[in-house]
Amino acid sequence: MAGSNLLSWILWMPMLGVLGVLLMPKDKTTWIKSWALINTVITFALTLVLYCKFDQTQAGMQSAFNVAIPWIAQFNIFYRLGVDGISMPMTILTGLLFMLCILSSWTQIKKSIKAYFALLLLLQSCVFGVFFALDFFLFYVYWEVMLIPMFFLIGVWGGENREYAAVKFFLYTFFGSILMLVGIVALYFATNQSVDSFNILALSGGKFTQLNVTIFGQAVSFSKLFFVFMFIGFAIKVPVFPFHTWLPHAHVQAPTAISVILAGVLLKMGTYGFLRIAFPIFPDSAKYFSTAIAWLGLINVIYGALCAMAQTDVKKLIAYSSVSHMGFVMLGLAAMTVEGVNGAVLQMFNHGTSTAMMFFMIGILYERSHHRWIVKPDGSRGYGGLYTQLPVYSIIFIIGMFASMGLPGLSGFISEALIFLGIYQKFTTITVLALFGLLIGAAYLLWMFKRMFFGDVNPEVKEYNDMTKLEVAYMIPLCIAVIVFGVWPSPILNIMKASVGQLVSLMATF
Amino acid sequence: MHLNYLANIGRYIPEILLVILMVGLILIEATYKEDEKDRRYIFITAIIGLVATFVAILFNMGGKPQAIFTNSIVIDDFSSLLKLIMVLGTIAVVYLSRFSKDIYETLKTEFVIMAVGILIGGFLLASANNMLTLYLGIETLSILSYVMASLKKNDERSSEAGLKYALYGGVSAGIMLFGLSHIFGVLGTIQFTGVAAMIPNLTTVQMAILMPSFVLFFAGIGYKIAAVPFHMWSPDVYEGSPTPVTTFFAIVPKIAGIAVLIRVTSVFFTVESPMKVGWIGLMLVVSALTMTVGNVTAIGQKSVKRMLAYSSISHAGIMMASLVMIGDVGIRAVLFYAITYLFMTLVAFYITSIVQDKYGNDHFDRFSGLIYRYPWMAVMMTVVMFSLTGIPPLAGFVAKYNILSSLINSKFYTLAVILGLNSVVSAYYYLKIVRLMVLKQPESEEAIEGFGFLNQMIIVVMTLPIFVLGIFWETIMSFANVSKLFIN
Amino acid sequence: MDYTITTVAPIVLLPFFAFVINVFLAKRVPIAAVALSTLAIFGSFIYALRIFLDFQNVYAVGYHIHKVFTWFDLSAGEHLFKVNMGIYIDNMTATMLLMVTAVATLIHVFSTWYMHDDERFARFFVYMSLFTSAMLGLVLSDNLLSVFIFWELMGFCSYSLIGFYYEKEGAGNASMKAFMTTRVGDVFFLMGILIIWIIVGNTTFVDIYAAIGAGKFGGVFTSFGIGLPIATIAALCIFAGTMGKSAQFPIHVWLPDAMFGPTPCSALIHAATMVAAGVYLSLRMYPLMEAGHILTFIAYIGAITAFGAATIALIQTDIKAVLAYSTISQLGYMVIGIGVGSYNASFMHLITHAVFKACLFLSAGSVIHSIHCQEMPQMGGLRKKLPYTFFAMLLCCFAIAGVPFFSGFVSKDRILGDALLMAMENKAFIPVALLGFGGALLTAFYMFRMLFLTFFGEPRDHHIYDHAHEEHIGWNSNIPLLILSVFTLGLFYSGSFTGQGEVNLFGSKYEWFQTLIHKPEASHLEHFAHYEKEDFGTTDTRDKVELPKAAYDANHGLSEEAAHHVHFVHKIGAILSIFIAFAGIFLAYSMYITKKLDPNWWATTFSGWRKALQNKYYFDDLYIGKIIQKGLLPFNNLLAKFDSGIYDRYVVDGTAVLNRWAYNISRWFDNNVVDSGMVDGTGASVRLMNVVLRTIQSGKVQLYIIVLVVVLASYVLTLRF
Amino acid sequence: MFSNTLFLLSAVLTVAGALMVVYTKNLMHACIYLLASFFGIAGLYACLGADFLAATQLVVYAGGVIILMLFAIMLTGGTGNKVNRYGLEKIPAMGNKKTYFTAGFTAIVSALILVKITMSAMSGNPAVANLTNEPTVERLGTILATDHILAFEISSVLLLGALVGAAVISRPRKEIHD
Amino acid sequence: MINLWAYLGISFILFICGIMVMIARKNIIALLLGVELILNAAALNFAAYTKFSNGNLDGHIMSLFIIIIAAAESAVGLGIVIRFFQLRESIHIDDASTLQN
């Protein structure tokens, strides 16, 4: 079947790109860039093909695309891929964002171009791997490998404090994933090392509700213990409140394209992990901890927003806004209702597009100003009057900003509304408080906008040029996505609803 | 006269080969004048001899476990595999010493002789089946190591290293013997064979003697593998010794020590008894401490060699962790770990040694911007560092994964988590090198002579297994699986 | 009468498509963009007019057009979850549509003149189109969710329009303030939607009515451990939306600042779109307000707003500011109307106010355009230079002041009458009535103060006066004003003198407004459950002839006796109103024309109050100065410091204090210098351990041996065998 | 009776020698006390019926190791100046109060371990001699040449290595210049 | 009668003395003396156990090898000490602490 290998094609296409980049001579930068672009375009096209062939009525994994090849048969480790309604939007998002990132890096990256594009493509492959993997071991491998390109991409091409940020990112994530690994192995042995012991799907369904483990002489519920482990692993990636401090550093220091990837795709892997792994495998514990998760999500929303308000570095501000927005996703997940979880998945997609826009825009601005201060450390205005100076830029910025604010008609609204609808059914107080997150969310963005774009033109700003054609070109797809899915979310919702529904009904039985 | 006690000596050929090699080397060495610089025949002979040993061990593999020399020695696949690793390590170290500037040219022959001697000790340890052989093995390892550590005769630090090693080793050996003597007193035999059956029948009083004695006994082994708190000599010695010696110390004595620890554990503590619980508790604590102490101390180091020394302590701790679970999974895991550990250590030390030869010291800063000068080497070092950290899909990850899974299989969740968290801590200092190599600008543009084409090729070849074992580890695991067939 | 989607949707889609096209057109062919926008809204007007005429002629009770389509569908398995969007047109919608399109069309036309010289001429129309289409979409919506969507879109448009002159520092502040303040209400509104959604299962108006009728809102809402009736909470939340959008006390502060935008946009915001939307929403949700028993609360909010804003308007010198505060005040009247159950009158006031306020703003725009100045003390005597504007403004002032025969009188008098009625029945409403009448007095005064200061007397600034443009009749300069001013006459809304059937001038046929608009009575809500919803694209096949036609009932469905009492009270109210209106005008006349009363005397006598008024009762100071700058921002900074400083640095990276402590220990222990750049990114415990361990690793063999022995001993002694 | 006397003498010699090694100030004296202690141990071996061991002990320790030690002491203590180029005393005093205090502490700690072992050992084992006082040389020789042939042979590697090593290490420094 | 405990006691004392020498002394050669004491304590144990516990001559073999190897070890150790002395002109144990941390 031609279709059945599609996932492998998508997964390995960027790897092909890496090979190609490596084989090219170092100084032929245009070749390298073009090759990377062609590669990502093909990949994106393949994801669209996947989307077209997607059977919306089928809940769970699409049987047409499943791949299962023994990898290490002795330990029942398989090369097992699959795609369902939850990973499908993420796949498209990944394909899209990487393509745009290549374009964005076209002029912004000036040193070690070959290595940069090779690592970027490697990263793409790993991200696809995470979203496709159905074998726990494979999942973990991709989850971890991704750290390596990220580490270098932040560390080599980042801002001033890049090393610190890169190491912090690495250590944080590594810490989380190690706990997850313990969980994975525990599951492997809890299911008697059978053929399906690494099969994420086969593990799902709450098979571990009765098991207990002994820690320091205390009997602890297996399911609760390892849910917490997995939770920490994924929560760091999201990032959920006490584990979020890597994010501002990583975002601020990373080059534009990497910030985009980080915020647009990588954060989603955390919540994707909840949906694919933590919730289906330990539904009882997820239910048990749902209040705690909801409170954490709430803290994320409010705390992230409040922190964002105080920032004077615009990129940091957006980074904190990501914390806040991912909090909504957590709220949706904690709700465990059809509306909430659908909203969460949609929010994952929508946040991916809107925050990517914001980071791209900041990157474009940075190309001109070489600083990112809203208010400089000496108290003077960093920008001011950008609206007058850069009209096109401003309009696109407004679209991105309002999308990220959740203005109805743009993408953020529907997902947030669904999340609220979902969470309200379970946690009234949290809903009430979280709604104020929307308020603060609007406040910090508008305040930032006011300080940067309104008023008379800063002398410094007068030298800036408006966006180039290339820059406009890679912003357009995101603008379209933000607007189209704001008005007509069905294309995304339809593919996810069957899978989400299945998950929610599983949760409902516990 | 029937030489019963010499029966099956055919399986002892590898060791015999080594002894012959050692004597031969001494003879060849005698033919050189004192100030003769180029002593290539020593190296050629050594490598040929070692390869022959390697082949001989390979021939030995697959046979049934067999105790020879009246139960002095047991030849089984487990020990053979570890011996293979030790031989490989020795070959690599001998080659490293060939071009290393850290050893005086005129003493390189002695280095090779000592290395072969220590290897014999390691072999003895790996196969030891009674206390005497064990003691002999440990002492062979130790005494020759003292010499090796202080081989850089004009260097105070090297002498100091040897001195510390000797003093510490003496005390540890004494303590171990004291423990052994009481074990002998209780069990009435120095043989390992058949002891397992005696353990459950012991009286409480006997048990009360035996267990502390085992702790004392463990001091001797622990000192060899540098388990906490017997590790304290190791960073000093590793730092003070010439780099090839350090490399050698990081591989052969450690692996031999792990081998004997596994042997002891499987001999004395296979049967369920209060003693087994106590022993495993000891192993738990020691391995957790070893990993943690090794990692935590490694963080602040300025010298790469010293950092690697501490890191090797923590790796020993991780290998020990699998001891808490003696069974196929644990043994398999530790074997696999030893294999990957060999390659990772070798590559790391090769590169460190070459860099050190160029600059005269091995501070972290010397690695700055290596990627701009020797991209391949920097990439290989990076790969090794990530592998040591335990990032998939590199071999280091699979190795750690196996240990972890053996731990979890026997429900030692706490230790598993400690192991995991230690990986995170270790990531910090491993990343430090990576950070310097990749993210910093080079200090100078001078060429490093050590990175000739051949050496680079060798390093790359040694790195390859790290990749291959990381992805296609099934074969090697089955291989390790075979060797879990054990004595008893 | 066969409404399909093609005959309804263009009302909203025409301006919307104009917007979409203009986004691309505006920069290249500005003139075409302007023309397109204007024509589009005019097209909408035509469609709206058709609908309105149909509805008025049929006069069918409960006739409605309701078309729905599925926006998205999340049904999975047994769980059904569908979000429908749709169009719902009943009499009220039809009236509203006509008002919005008509006023908007005239404002568009006026803008082509007013904005002509602006460099962002075309862009202004882009926003205007979007704004109008959003408002029309809101009016056409059949459910709260889409109301909210368009509601927020209007918020965005107002943000853009208020910040239209983005070079001005104040514009940024004002636009942000407008958006944020309304957003406060929006958040509650969203909460209300959620509550309703969960209870009803969707947010369609008719379903909500039916659910209220069926008593589904009987539950208790618990949050923070406090339980309240769910209907009350839902109603309060929805009303909070109204408060935000319709600038009710205490979140009215944004509306005066909204005048930073171009004047036509103020006209649109203040008259036809934004603020009307709030009141419209409350009217739509009237059954819920009733069920939630919050009408008293609403009435008080309205009364405070009506009176308070009127007092502030007294001392404003900026012509647009006066108008802005008058808008707040008038909106207060509408809200009073809701609160006292005067549904019909409240809606009527919405319509009449839209007309005269649009006219007032356009007139003000005309004045400003002519003299390039907004300060009234610098004007004076413009009557001669701007005769048409003066005429339009005069009519509007009569209307807003509540002079008989003008629309303002008809609608406001009915609200006040009902307030009086309520006050007589229920003592709690006495303050409402008092404030209402007091506000009416002030309204008459300040409106005529504005008129007199602007157009009468001698020119106070001759420079400005001399350079003022002479006004000539022009199709897009003052014709729109005149058209609007004509519709300030009361006869367009009511056939009677008072608008309540008293002194019937033209016969009950002209009481179309009261015939059309009916309060959804709490006792008749069940029948909404039988309302039919049709799919998009299908033609309405119901037989309209069968529907009973509504007839005007002067007694409002009450018994003769009860009605008599009501009429009596209304009469008193009307007389009072007339008296008050003239009193206010007279006061203004004697102050500013005959100068018998000295305004300065008032100013000095009530200086404390005046100061409060100048500072707008310190609301801005409270919100921005105190709450945001003193409270929120320092808190944010603290939090951010905590996050990147304390939490990250100390807890995650390891504490500096602990580090220093450990450092001292190590010094004390062995004089070791700890690598200052030692660890970053590892926890405190790791650092501390590192120091301790490295201290032990002192290089002294004897220490090593001691450690060995001690640890061995501890192993031996602690391990249990 | 003889054996008891021998035991008592040897025991006193051993213990006293060992204690004196700890307490004496002079290194040379310490070495001699150690020799005495070794003699005592040889006597104990004799009491234990380990005649061959006793002989070996005398030959190897008394005859070899102690002489080596003495040589070493002389080699290191031969030069006149007491302070080296680092300003440190070359031939340090044997210890001071502080070190003895530490040593005492460590001794107590280690005694705790040993007590734990030996108390049980003393109480739990039959205190009957199992070994007749026959000469053990022949039996030892047989065992050494059969059962422990490997240890016997392989120890030659150790000794050879030690030989080479000791030679390498202590060769004079002038040869090495690189 | 002279029992096992007497021998064990003596070896106990030897061991303690050895440890004390290792800790208390500052002279490296003295430390080597301590090592010898400890080794002898162990060797004595082996012989004592052979006599009183099991009669297995393997104990004697162990003692024998301990003696031999101790000799070898002290030879190498002294060689290193002398080397160290030649380089640093000191046999103070605290001078052997340049390798640290």
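A, B, C, D and E are the chain letters, set down in written order, and residue numbers restart from 1 in every chain.
Criterion: contacts are C-beta pairs under 8 Å (C-beta built on N, C-alpha and C of every residue); 3 or more make two chains touch, one makes a residue touch a chain.
All values reported here derive from a predicted model rather than from experimental measurement.
Shared contact partners of chain A and chain B, listed by label, are C.
Highest inter-chain contact count (C-beta pairs) belongs to D-E.
The most distant chain from chain B, with centres taken as the mean of CA atoms, is C.
With centres computed from Cα atoms alone, the innermost chain of the structure is A. Relative to chain D, the chain whose mean Cα position lies farthest away is C. Centre-to-centre separation of chain A and chain D, using mean CA positions: 69 Å.
Work out the mean CA point of chain C and of chain D, and you get 99 Å between them. In terms of their C-alpha centroids, the spacing between chain D and chain E amounts to 5 Å. Rounded to whole angstrom units, the spacing between the C-alpha centres of chain B and chain D is 30.
Taken residue by residue, chain C touches two or more other chains at 681-682, 694, 697, 699, 701-702, 705-706, 709, 712, 716, whereas all remaining positions touch fewer. Shared interface positions of chain E, i.e. residues touching 2 or more other chains, are given as 15, 18-19, 22-23, 31-32, 34, 43, 48, 53-54, 58, 61, 65, 69, 72-73, 76, 80-81, 83, 87-88, 93-94, 96-101. In chain D, the positions touching at least two other chains are 102, 106, 110, 113-114, 116, 121, 125, 147-148, 151, 155, 158, 162, 165-166, 169, 173.
Working note: touching chain pairs come out as A-B, A-C, B-C, B-D, B-E, C-D, C-E, D-E. Looking at the complex, you find that chain A touches chain C at residues 59, 164, 167-168, 171, 245, 248, 303, 306-307, 309-311, 338-339, 342, 385, 387-388, 398, 402, 407-409, 413-414, 417-418, 420-421, 424-425, 428-429, 431-432, 435-436, 438-439, 442-443, 446-447, 449-450, 453-457, 489-490, 493-494, 497-498, 500-502, 504-505. Chain contact summary for the complex, chain A toward chain B: residues 71-75, 140-141, 144-145, 147-148, 151-152, 155-156, 162-163, 166-167, 170-171, 174-175, 178-179, 181-182, 185-186, 188-189, 213-216, 225.
Across the complex, chain D is touched by residues 4-6, 15, 19, 22-23, 26, 34-35, 69-70, 72-73, 104-107, 110, 113-114, 117, 120-121, 124, 132-133, 136, 139-140, 143-144, 146-148, 150-151, 153-154, 162, 178, 182, 185-186, 203, 205-206, 208-209, 212-213, 215-216 of chain B. Those residues of chain D that touch chain C in the complex are listed here as 102, 106, 109-110, 112-113, 116. On chain C, the positions that touch chain E within their shared complex are 672, 694, 697-702, 705-706, 709.
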